[in-house]
């Protein structure tokens, strides 16, 4: 399996619901360094997994939905805890949709699976990895 | 698959047996930066893989068995070479046991697999990855 | 000059005032990975710059004033923009005060200068470096 | 599964063919930081995945075929785009061959699979992962 | 002293003249991860060292002079060895000029010194640090 | 000021004397990732700070005095605590001596100062920086 990863980041505010979160129940924030890995079984005819420039643009566009925002105020996320693992899934879903819509080009449709990793600090990160 | 990783470290002395080890047959030491990834198929009802605070505490407790010690003097490890890959397995076994004992909470029992990575330097690291 | 650095982090929400900040004028957040370097001209009689365990504890205590908080709600910071560089200075001032109060031990008073670096992402960080 | 990774690097010039590459169609270059992960199901009798010294030597030898070269002038690569993902596969093939030839020792033949990752910058990397 | 660093990168081909360079006398290449630190004694009225968005844009613009190019073909660099340390100086000169021309804004003129670091691999980097 | 840094590492065992060290009074160990920065005011006639190949060789040779050893058994270090900061000074002294002896070449004598940093983990490192 081939994999290509591109990195970007987003800076968000949020709070959590539930005793398990302790002090994180109050409004705080995070920088998420976001790594998206595009996986496919064979390279395309240009010897590429995906057009890296296009992949970076699409990722930046996807992250702009969350970047510089308070996640508590985004209707779609209401009633959920926007944990690092949950947000990895949110980014995954949007990248998968972009591929299906052809936003990563025609050969981008050859992508078989994705892994999205969000690093919240130098000592903790979370990921979601699945076929698309 | 969802994954959450927490990082800690331990500083140990040890020596190896066998010609393949060359100068490492003499007493020397290592810092192991330890990454433990907890994997599960679905998030729990709090949108979590595992309580990250609890996971970090349990990991620190597990590493305290080895940290600031000479591994050559730990009876359980006698007769084995405490290589980076071997120690990854030792940490794996202890984290798996902690999960089975409920030390990562009731929802922690939903964890399906673990990956433990020990980095011995900026140019070498080893891991053990398996279901639990 | 000798230097010893310890690393920790804090996760905060905040917003900025001023057109120069663009979208960062809205409530968002950041993880700050915090590196504090303690500098002195000679090692103490134990061949140390500072007791690293004590230094780590004091740093964690200092960061707890900001960690898991909305900086916009901290009275002392009112009317300021809590930029990465500004917060580096805030942490610097608190570490310097801790040294002067003897919280890093008697030999800790031998520290001549400090550098505090806050990394806000993989592509941006800020620091404050001065004598104390 | 156990995994052991060793890191080295190579510095190459190359150019690409195809409009998708934009400005990268002109002669430019890259540092590839190369991580090779050796995977096996059980450790050998020395509690090793592979002799790490031998693995590092073999990797350096393999990279010397490309290091400090213009990839456009290597006959075997003619007509291909030497993208990061393509070069990951080139390194993979050579490490696999070295294992089959016994260059990683007799117990090295127990290696089941390899992952080769080439990092081209702090924001992009590619890999190839397969059984051997 | 306050410092703010932004990171970007460039990918170049080049060759060196002189026996000291050994195999690097042939055409090869490098990724340079470029860190520019802006230093000033006091923050501006917005509690900033420099507008980080503007700084990142100016840096990307400066690097575009070299990125995706063969440095051997740039007239201004003729007769010089474009070593990592030499290129750090080239980037330094251009950033300093941009500040003097007001391209980092009016308050950007308060910048006292710059440090430019180019990392060529995980084991080597070079910098130039001076007043402007 | 120009600076060039090369990185290597050593893996050692040691113990400390003094209550301040707590559990580190027992035999344990560390990986030290070692960064040596060579500083000079002007580049040499080849546009170099120092021959990087030579610098790397000399550093590896210097570290071999400590690598894969128990520092408690090295006579020259007897009666001292081989802390990270102390060992940074030990490496500094040896690199400075190598320069004075001409082991970094004739132009290597133009080096004005050195900074040696030893990283003991992902959250702690120490350095010694001085003229030579």
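The chains carry the letters A, B, C, D, E and F, assigned in the order they are written, with residues numbered from 1 in each.
We adopt the following convention: a residue touches a chain if its C-beta (ideal position, glycine included) is under 8 Å from a C-beta of that chain, and two chains touch if they have at least 3 such contacts.
As the structure is a computational prediction, the values presented were derived from the model and not from experiment.
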Mutual neighbours - chains that touch chain A and chain F alike | B, C
Please flag the chain sitting at the greatest distance from chain C, going by CA centroids.
-> D
Repeat of interface C-F, chosen from A-C, E-F or D-E - more than half of residue-number contact pairs shared | E-F
Contact-richer chain pair (by C-beta pairs counted) among A-C and C-E = A-C
Could you tell me the distance, in whole angstrom, between the mean C-alpha positions of chain A and chain E?
-> 31
Chain C and chain D: spacing of chain centres that average the CA atoms, whole Å | 41
Averaged-CA centre spacing for the pair chain D and chain A, given as whole angstrom = 27
Where chain C touches two or more other chains simultaneously, the residues are 7, 122-123
How about chain F: which of its residues touch chain E in the complex?
-> 1-8, 43, 46-49, 51-53, 56, 105
Residues of chain C touching chain E in their complex?
-> 16, 18, 20-22, 80-86, 88-89, 122-130
Within their complex, chain F touches chain B through residues 7, 9, 11-14, 23-24, 26-31, 33, 67-70, 120-123
